[in-house]
Structures are given as C-alpha cells and as structure tokens.
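You will see chain A twice below: alongside chain B first, and alongside chain C after that.
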Partner chain A sequence: MTVHNLYIFDPNGNCLFYNEWNRKKQAGISKEEEFKLMYGMLFSIRSFVSKMSPLDMKDGFLSFQTSKYRLHYYETPSGLKFVMNTDLSVSNARETLQHVYSNLYVELIVKNPVCTSTQTLDSELFSSRLDSFIKSLPYYSPRAA
Partner chain B sequence: MWPRLLRHSAAQFGRGPTHEMPHFPNSELFTLTYGALVTQLCKDYENDEEVNKQLDKMGYNIGVRLIEDFLARSTIGRCQDFRETADVIAKVAFKMYLGITPSVTNWSPAGDEFSLILENNPLADFVELPDNHNTLIYSNLLCGVLRGALEMVQMAVDVKFAQDTLRGDNVTEIRMKFIKRIEENLPAGEE
Partner chain C sequence: MVIFSVYVVNKAGGLIYQYDNYVPRTEVEKTFSYPLDLVLKQHNEKVIVSFGQRDGIKVGHAVLSINGVDVMGKNTAEGKDILEYFNDPANYPISIRFGRARLSSNEKLMLASMFHSLFAIGSQLSPEVGSSGIEMLETDVFKLHCFQTLTGIKFIVLADPRQSGIDALLKKIYEIYSDFALKNPFYSLEMPIRCELFDQNLKSALEVAEKAGNFGAGS
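Right after this comes the complex of A and B.
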C-alpha cells in the first residue's frame, strides 16, 4: 500500500509542486515535459469526460487505473489541481487530496503573504508538513504492495 | 485627520459587537484596524478617487486568496448559475467573514445583475465621514474582495457601492454585475 507521487497544478497549468515517495520508474522525459504532459492529459480527459457523459455531470473526472497504479484527481472550483498516484489498494483518495488542499495548501501557502502561488511553491514548511501527512496516511508504506 | 475621520462615540464602545464576528476576538479591533488603514491611505494619497482605487486593489489581492480559504472551509462546490452565486455570497461568505447576512434583491430582468443590501456594515461601525471626503467610498475594499474572489472561480464581475449609509443613504447597497465567464486557458505551447 503506497503513495507514489503528488503533483499540484495552478489554473494556468504551471506545476506548483511535485514530490515522489515511491517511484520505481521515471517517465524518460524531463520533469518540465512530464508536467506539461500530465497537465495536457488532464485537460483533455476532463473535457472528454464532460462531453461524453451520458448524464449531467457532477464532479467530472475522478481517477483512472492501470494494472499497477491508480491516478487520483481533485480540482477545486478555483482551478487548482491535485494529482496523486497510488497503488491499487487505494480506491478513493479524494478526501486525502481535499485535506492537502484545505489544511495544508490553504493554511500554509495561501495565507502566507510571501508565497506567490504562480510559481513553484517555495515553502519548506509546506513540503515537510505534506511529507509527514502523506507518511501518516493509513495506506502509506515505504514499499509498494 | 484621525480624530475627524473616525469619530467614535465613547458611549457606544463596550456595548459589545453589533453582529457576531466569527473567529475574531474583538470586532472593534477589526473596525479600528480598517479605519486606520483608510486614514493612512487618505494621508498618503490626499485624493478620494485614488484612495478608492487603492482600496479596490488591496481588496482584489485579498479576494484572490480569500476564495481559497472560503472553498476550503465551506466545502461548497461550483455554483450552477449567477443566482446561486449570489445566494452563496450573501448567506455563506458574508456570514463567514463578516458575521452579517445581506439580502439579495433588485435582480435585473436578464438575471445578470443584483444588489446586496447590508443592514449594517462591520467595516464602518461608528464611522462618520467628514465633509471634505464626500467622494470617498469607505468600504471599497469589499468591492475588490468580491471581484478578486469571483475572478478566481472564472467569473468576471463589476462590483460597486450604489448606496452607502456613510454618505447619507438609508441602507448600504452593493451592486454586482456579471460581465462574462473567464474561460480556462491551455498552457502556452499546447495546441
């Protein structure tokens, strides 16, 4: 049971934050390209999901899974996007991501006048609190299942 | 300038807050802090129009951040339309931050404009404007806050005070007009 990595994107597609805990394989492209790829994919999939939805959509795209991992997505009405990859034992990480937003991002970044949220987040406090939080999750362990 | 701009009635202090301010230890401190801010701006700029602009700008910068705190604390999702937005602003946001619940009225026929009527205004408790400041929009910070916050949820709005008890009107009325939806941009370099 584990969390692989976490991305935070602002409404313009800039990656504000990235951290990995348990990633065995890299994407083979630069981090910058990886962030653009991730954001572009999310943008496309969200618009696809809303277009093809057979019913009125409520939350839209939530997650996708492969045979090895699940990608969880949470977007705030203000356009901030949280993406977390976990292994398959985690079925719903929405609450986790909401917690990262409400209790970590809003408290430590938004309320900090020094942090301008249009560039990469530069707050050590945020990084370390996030790290402790992720490691305290019931489904986190240093080794993948 | 200070004693003239803010004539606080000594008898009214200590009567307790006229509204319930959540999470704030002392609402008088809040009112005084805001008053000190406006007074300092008046000293710095010496021109009501300029002060109004600065208040709006400061409000905007507050609003773009305040919206995140609001979203985090209220767990309200996206509003479906401008009417729902108006209700959320009046019943949830104003209550959460200022402890008051303005009423939503005077909808335009197209449904793109409405008024918030404030019975009382915590920012302007006990304040009287001196005669040489009759174009000062004392609470203009609020307009900036609303504008900034809504911009972060993809709504471009125009916000201004239509009536103000500080300028002799019976009520304080904020008029909000929906201008357009702000579309999400693709990052540069994508097709």
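Right after this comes the complex of A and C.
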C-alpha cells in the first residue's frame, strides 16, 4: 500500500512539481524528458477518451492501471493537472488529489504573492506540508528498503 | 450493464477487428428560427457545436440531420455547405438533429493505433519494475479493458464501469480468436479478421457476459 510519486502540470505542459516516495524503477530518460512524456501521454489519453466515449462525459479520464501500478488523474477547471502513481490497492484517489489542490496548492501557492505559478514551485512549506499529507494517508506505508 | 464495443489490435498496432455491440444514441432534434443561437464550426469534415449548450445539445455534438435528411459531412444531402445554409434566413424554420458523431472507420483505426502506443508508454513510465502496459482505463462513463497476449495481439473491450467479469470475457475472446480465426486456413496472421464463425461466437459470448454480469469460467 503505497504512493510512488506525484506530478503537478500547468495548463501549458510545464511540470510545476514532482516528488517521489517509493519509486523502484526510473524511466531510463532524463527527468525533463520524463515530464514531457508524461504530459504528452495524458494529453493523448484525454483526446482518445473524448473521441472513444460512447456517451457524453462529465469528469472525463479518471485513472488507468497496469499490472503493477495505478495512475490517478485530476484536472482542475483551470487546466492544472495532478497525477499520482500508487500501487494497485488504491482504487480512488480523486478526493486525495482534490484535497492536494484545494487545501495545499490553492492555500500555499496561489495565495502566496511570491510564487508565480508558471515556474517550478519553490515553496518549502508546500513541499513539507504535501509530504506530511501523503505520509498521513491511510494507504501509504513506507516499504522496507 | 452493457458492453459497448470490442477492438482487436495486431502486433504492429493496426486494427484488425472491430465490433460495436451497443452504441447509445444520444440525439436531440429541435426546430430553430433565425438566427441560430448556437455557435457552430467545421471540424474534421463535420459541423460541430462549439458554444451554446442548451436543452441536451452539448459542446462537441455534431449536426446529424437537417429537416429529417441526414447530412453528408459538412454539406447537406443536396451538396450545399451547412454553415452557409444556416446563415440564410430564407431557409428557416429548420429542424436540426444534434448528437455525438459516430466514429468513422478511419477514426477507429487511428484510435486503435493511438491506444497501442499509449499502452507501451504506460509500461515505460512505470515506477515499479516489470509492469505491463495499460490493462484498464477508467472514465466516468466507460471502462476500457485491454488484454495483451504473449504474441502481442491486444483485445480491447469498452464496457460500462459497473460491468464485472470482463477479464474472463477477454480470455474467452482470445479462445474464440484462436479457434475461429487462427485455425481458419484462409486467415492470414495480423490481417483483418473476416471469419463468420468468429463474429457469431463473439456476439454470443458478449450476450452471455452482459446477461450474467459475471462471466463464469468453463463456458
């Protein structure tokens, strides 16, 4: 039961924030390329889903899972994208991501006059609060290394 | 509890089989008078609503028919440009039917290949060792399940999010594929599947899966 990593993207595709907790395997490409690939994949999945969908959608793409991990996705109406990879036991992290957005991002970054939201988030308070929030989640447990 | 459609993709990412089991038609027909309060635009050979959601007509819906006659792409059945037709007040009142546009075969081919690549990227970006590609993709109105065989063929099923037993259904479709497509001496590997028995057996497997809600092993 664990959270692997978390990405936050702005509407233009820049990665504003990334942190990992329990990641076992790196992607084999530089972090910058990985962010671009992740954003590109999500953009394509959203476009794919809107064309494939047999009915009109309200929330759109929610998550996907593979044999080893599950990726949860939450997009705010302003185009900010929150992406979290967890293991398979977590079925719905949408509320978690909504909490990260409304209680952490909005409170600590948007309301911070020093943080310009177009660059990588530089706020130590945000990183530490986010870290303690993730560690306090019922489905987070640090694996023995 | 429905299964919407089935797609089979070969190793190279090309679509070799597609079957739509249930296509929900969300269509709205209304009579309009000049001027039209919806903003329409042309997109990919279709005329779609870009602004002005009302009464069941949503953004993204396409113009399906005018005065009961189906349109042909961005022209009316007589060949006139739809947007020009709507701009002419002499043609009003008009009865227009809007709805989600049906996917053309070309679009289905492109979407299947797109999924083939997304499947691979899902595996590459994995934070865990030894991950497969995307096996299940969830949205609020449908769930896409994918089963990749050892030979690289992908069986993709789009179903209602509450439908269970899809994993067993995917294995069953693989069985049907090996019995009626692979064992067919006239079928060549990786080519589009045109075998009647495959179609028939697939349809009955889908019926069983929908009725049971839970596909039992050994059927």
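Please note the rule applied: the second predicted complex is superposed on the first by the 143 of 145 C-alpha atoms of A that agree within 3 Å, B and C clash if a C-alpha of one lies under 4 Å from a C-alpha of the other, contacts with A are read in each partner's own complex, and residues count from 1 in each chain.
Criterion: a contact is a pair of C-beta atoms (placed from the backbone, for glycine too) under 8 Å apart; a residue touches a chain by one contact, two chains touch by 3 or more.
All values reported here derive from a predicted model rather than from experimental measurement.
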Quiz item: Fit or clash for chain B plus chain C once both are placed on chain A?
Solution: fit
Practice problem: Using the touch criterion from the header, give the chain among chain B and chain C with more contacted residues in chain A. | Solution: C
Exercise. Pick one for A:52: touches chain B only (first), chain C only (second), both, or neither.
Key: second
Quiz item: So, does A:77 touch the first partner chain B, the second partner chain C, both, or neither?
Solution: first
Quiz item: If you stack the two complexes on chain A, which partner ends up touching A:114: first (chain B), second (chain C), both, or neither?
Solution: neither
Quiz item: Between chain B (first) and chain C (second), which does A:105 come into contact with in this model arrangement: first, second, both, or neither?
Solution: first
Exercise. Kindly classify A:14 by the partners it touches after superposition: chain B alone (first), chain C alone (second), both, or neither?
Key: first
Exercise. Quick one: classify A:4 as touching chain B (first), chain C (second), both or neither.
Key: second
Self-check item: After superposition on chain A, the shortest CA separation from chain B to chain C (Å)
Solution: 5
Quiz item: Which residues of chain A are in contact with chain B in one complex and with chain C in the other?
Solution: 59
Practice problem: Could you please specify the touching residues of chain B with respect to chain A in the complex? | Solution: 65, 67-69, 71-73, 75-78, 152-154, 184-187, 189-190
Quiz prompt | Complex interface listing, chain A residues touching chain B | solution = 11-14, 36, 39-40, 43, 59, 76-80, 98, 101-103, 105-106, 110-111
Quiz item: Across the complex, what residues on chain A touch chain C?
Solution: 4-5, 20, 22-25, 27-28, 34, 37-38, 41, 44-45, 48-69, 71, 85, 87
Self-check item: Residues on chain C engaged by chain A in the complex (per definition of touch)
Solution: 4-5, 22-24, 26, 58, 60, 100, 103, 107, 111, 114-115, 117-118, 121-142, 144, 158
